[in-house]
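Listed below are the structures to be examined.
In the two assemblies presented below, chain A is common to both, partnered first by chain B and then by chain C.
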Partner chain A sequence: MTTTLCPHCGAPNRIGATFCNRCGADLRAPDTDADRLQDATVSPGETPSSISASGARPQGVEGEQPWLDPDFLGADDVPFEPEEEADTLGGITPPTPAPRLVSGVQGLLEPLRIAALPEERTSSVPPTSGESLFNAPQMRQVRQWMMEDAFVGIEVQPATSSTPKLWLPWIFLLMGMGILLPLLWSPPPLLGEPIRWEGVESAFQAIDALPPGALVQVLWAYDPATAGEMELLAAPVLRHLQKRQATLDVVSLLPNGPATARRLFASLAEARAPELLEIPVQSTIDVRFLPGGAVALPSLGSVRSRLAVVLAAQAEDVQHWLEQVAPLNRAAVVAVTAAGADPPLRPYLQSGQLVGLVSGFDGAYHYAQFLDEPLTPAELNRTRFQFTVQQYGALTVVLIIALGNFALLLRGKQEHG
Partner chain B sequence: MQRRASARTNWLFVLLFLVALIFVGVTRLDGVPMATLLRETGFEWVIILAGVALLLGVVNVIWFHIRRILKGERDWMLSLALLAVLTAVVGTGLLSPAGMVSPLLEWIFDALIAPGQAALYAMLVFFMAAAAFQYLRVGRRGGTWMLLGFLLVLLVQTPFDAAALGLGGTMGRLADAARWFLDAPVMAALRGVLLGSALALLVTGCRFLLGKI
Partner chain C sequence: MDNLVQMEWANAAGLWVGFIFTLLIFSALLGDHLLARLAQYVLVGAVLGYAVVVTWQSILASDVVTSLRTAPQEKPWHWIPVLLAVVMTIAGLERIFAQGRAPSRRSATWGHVLRALGAIPALALVSIGAAVTLVGAVQGTLTPQFLSAARSDLTWGAEGPGPITSILVLVLTVTALLFFVIDADRHLEQQPIWIQRPVRVLLWFGQRALWLAAGALFARLLASRLSLLAAELAHWSYTLQSTTLGQMLERWWRIVIGA
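Presenting the complex of A and B:
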């Protein structure tokens, strides 16, 4: 595509464009920098266009806007003294007090003085020997520098003397050791009795009351990122649904959701408890991917199901279901969520919009207890191992917090003592 | 001139808003056959549109990275790797008779995608630990309350052995305290946040539609 270069910043623009895409300069205006460059390059016998032939300047302009006068010197217009740093600009000489480049702003503020055009300078201040002049590419380079955002590569934070400095490698090392050591060393587990939160029993009862063959919608709203916690939760609930011979209609809004679901269903089929072997379950479970996110959820409202189970790592997915689908098909909703999503969903449980809420390891543990199905040795080992590592990770976080406060205490004592 | 253009734009938004509002309202009508038909058709269109948008996104990604490779831009090798992986995964699914449940695709998911996603998410714990070190301080403004709340929830939600931690009879009381904490102040704050954010969104939307923003 043919383009035209902006005379102000040099950016390529579409031919016929009204304004520059980069700097917003008016590409139609005749008073562009290029024109002024041309105007300023006048022969000694000619008169610059801004000055009338008689030498009189337009009346009323300098009175209100004195900076439009080429001879105007502002408060900050100090004479430039050449320094050695000028070489660092690659031959570009810093500006000297002279008529300004940006002078098209007609009014309110004194124009910003970026640099001086050499040709304009010749009309007012005679060039001194040894000064190099700007050429057009150099001017564009300077303008680009001025337009670029300031680079802030250092985190700006109010560092007070009493705040211990954060050195991330130590924190990361400590956290890594807190997780890796239990993996390698197998320390004694400190497992206690998980707390039974409200909502687990009612979730169990809602599923247990399903007649055989009842249609249950399942929204699969987690992917492998959170599968470590969510699979522990989803496994007993799905096993219970299979035990009740429910017909599952599984839908996911996540691209990786169907594969995650298939993996869990496959592991459930492999590890079926002996008492479940006689119970017929749905032979094929088709997990659908629904593109469009929450906007497409109301399309599921036409499915007349007895129950909806939302397996979600985040509270928003449950909220979307309650807002978009539950009012349409009026099916009872059970939420099976990560522990972090529990607090925002408690109000929905108390208002009755959720008939059950199973969250976190605690919820998974108690739901499995209600099922009255002993875990297989492999499941038991995996779960105990996962809990143990989680415990030591949590203890490491507590240790890190204690260290932060201890360092703060020491620093305060040093300053005051 | 600019004001008139802005007003036109806002009226367009108002019109779109009204159309969407009527559509959503109709979808909520129960027992009206026409409404059900309209709802199902409308959302089928939404799903098709979203699928097409997804495909367009894939095409856009492919075109973007092809241009990067052709121009030899910086890190063009990464673009090449992305295209190679994309071609391999899509080709595997398309060429296999089993489609997306083909064994090779299942292996790609089990051996690459799932552990990769889980590993990336697990990195979060390091940054959360750093944030806890930095901000959960007794001396900071409000830090004491945040620290107490954090420790309470952590202690209650992690299945520690209370006896081993020396919290034999205390654990139950801590759990009760945490339950009350969640049921009373946290619940009140959350309901306020839910209602407040919904009202704020409504007011902001109305102001935007009326050109007050």
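Presenting the complex of A and C:
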């Protein structure tokens, strides 16, 4: 088998190898003077030592750089991937390794110790011949580390003993117990009722003031992932719109949006209250999917509607409507959003860009109160269930935060005497 | 009747498949394993597949495509977006299939030409998107919000919480901005003490204002996730109660708790 010698350490490598098996040097590098001097190939049957003996290597090089000699058994060499080397060299045993990752740095300087693993320092017994300290994946990892730039941007602070140790599953366990146990034992609901935020009443009034048949644009910006919360909010608002006999133009930027909308409209039609049965509503509600994301929204600005209702799980969807559509058609906007989207949208309510903001379970609860419609037993049960979980869940989180702070306080006191 | 039976069967199957996949994904809490990953892959694949079908249907139903199908020569400029879409698709496919293959001289030339042509619709998309976003941000957020903030209802001597709220908003906004801009260690070290102390006080307030805002965001986000969890629990609870298994479990539970 034909091999080539590494210009740095002199180890034989197979032809075409990118890096030296012993020292990791780049074998593709352009020829240097030293390379030209030592560039030689051996044919099958020839051993590296025969080349050395035949004078292929110039005199004097080994004297100054003994590690260039293939037979050099210095204490610094570690063969890289010796199994593969032994295989490709037809059974030639590599030199005895020593605990060194990189050796034979080119030049007249002493071989430089660049990296070492902790095991090196503790182990005083040198590895036996042909035995590698690291396996192939470890060696690749070491090479990867050495190729990366030094990482000096962030100084990692070691965890101090005063930091309480947190076992994350405890939080899941406590949350699970806080929510499931009250449901199983059906305790009485806690005192009080959901907070009535500003914006719910104005949203109700904006919809209540619609004349029959008024065109209302609806942006459906949620999908099944958030339907659990959003349907609580969307249901009373859409029921109110139907009660006002509004003509709905429903658009969604999400591929799953139209199916979610159709399902809710179907359930509303199925559960219509008896007193609403006489009110004519839109027979078919076309829910369109508008591909292209927020960039496509300005095309809706040409629709002259009386009101726009944005049903969104994220605040960004309401912002997009206020930025792209509302300035064009000047229609008043009511946002119906998940609780998490509420804080970023408050400034829009205060600036008057939103005429109403209904958010979260509490917003849905109060909007349904404004509707003044008797709830069906199923709706009543569901509302009670939701209310209980919200209250006990919030209580559990407060408890977890308090416990965490208490643990931190105790630990701090112990640390400081 | 057959349709009704099929629908009920499909609903029941969907319910149990959803339940099993929910448990599988939830089991990722115990560590990464094959079944959890399988459930995630199925979820992502199903969502993407459905999205592709819906997008394709909506494109076919769009005004541009409909008019081209009914009267191809009536509005020739409608062909421009179609042409750009085709060019972009071909250029994208060329890049996908050319990966990892050594190109011949001829194919390399074609590749360069296709990439140059494919860059035209890509650049149009990016530039139009950037322009729309920028104009929208100015007309829908920056200008109205600035005008709203600049319009102060602060009246000296007025009663009620209005003036206090206005002052508080002003102070917290300014201090929060200062906290973002000023690095106490870097900017204040060389300053005289009579500048350092008041600025440090303002920074202290700014930091607390940010903490407060983050706390409000966290609280509302938590309420949102609790609502989601409660809705899912309610859905499962009421669906299970309507089944024979659910009624059996309920009877058993009533015996256990002595109700």
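One rule holds in what follows: the second predicted complex is superposed on the first by the 257 of 417 C-alpha atoms of A that agree within 3 Å, B and C clash if a C-alpha of one lies under 4 Å from a C-alpha of the other, contacts with A are read in each partner's own complex, and residues count from 1 in each chain.
Keep in mind that, in the parts below, contacts are C-beta pairs under 8 Å (C-beta built on N, C-alpha and C of every residue); 3 or more make two chains touch, one makes a residue touch a chain.
Remember, it's a predicted structure, so these values are computed and weren't measured experimentally.
In the superposed model, A:393 makes contact with both chain B and chain C. Once the two complexes are overlaid on the shared chain, A:403 sits against chain B while remaining clear of chain C. In the superposed model, A:24 lies in contact with neither chain B nor chain C. Of the two partner chains, chain B is the only one touched by A:263; chain C is not. Within the superposed three-chain model, A:212 lies out of touch with both chain B and chain C [touch as defined at top]. In the superposed model, A:343 makes contact with both chain B and chain C.
Once the two complexes are laid over each other on the shared chain, residue contacts for A:302 go to chain B alone; chain C is not touched. Residue contacts after overlaying the shared chain place A:172 against chain B and chain C alike. In the superposition on chain A, the residues of chain A contacted by chain B and by chain C overlap at 172, 179, 226-228, 256, 258, 290-291, 295, 298, 327, 339, 343-344, 347, 350, 360-362, 390, 393-394, 397. Every residue of chain B that touches chain A in the complex is listed here, in rising order: 27-28, 30, 36, 39-40, 43-44, 46-47, 49-51, 53-54, 100-101, 106, 109-110, 113-115, 117-118, 120-121, 125-126, 128-130, 132-134, 136-139, 147, 150-151, 154, 156-165, 171, 175, 179, 182-183, 186-187, 190-191, 194.
Interface of chain A with chain B (complex): residues 162, 166, 168, 171-172, 174-176, 179, 189-195, 197, 223-228, 256, 258-260, 262-263, 290-293, 295-296, 298-299, 301-302, 327-328, 339, 343-344, 346-347, 350, 360-362, 365, 387, 390-391, 393-394, 396-398, 400-401, 403-405, 408, 412.
Every residue of chain C that touches chain A in the complex is listed here, in rising order: 29, 47, 50-51, 54-55, 58-59, 128-129, 132-133, 136-137, 139-141, 144-145, 147-148, 213, 216-217, 220-235, 237-238, 253, 257. Contacts from chain A toward chain C in the complex involve residues 169, 172, 179, 183-185, 226-229, 231-232, 255-256, 258, 288-291, 294-295, 298, 319-320, 322-324, 326-327, 338-344, 347-348, 350-353, 359-362, 378, 381-382, 385-386, 389-390, 393-394, 397.
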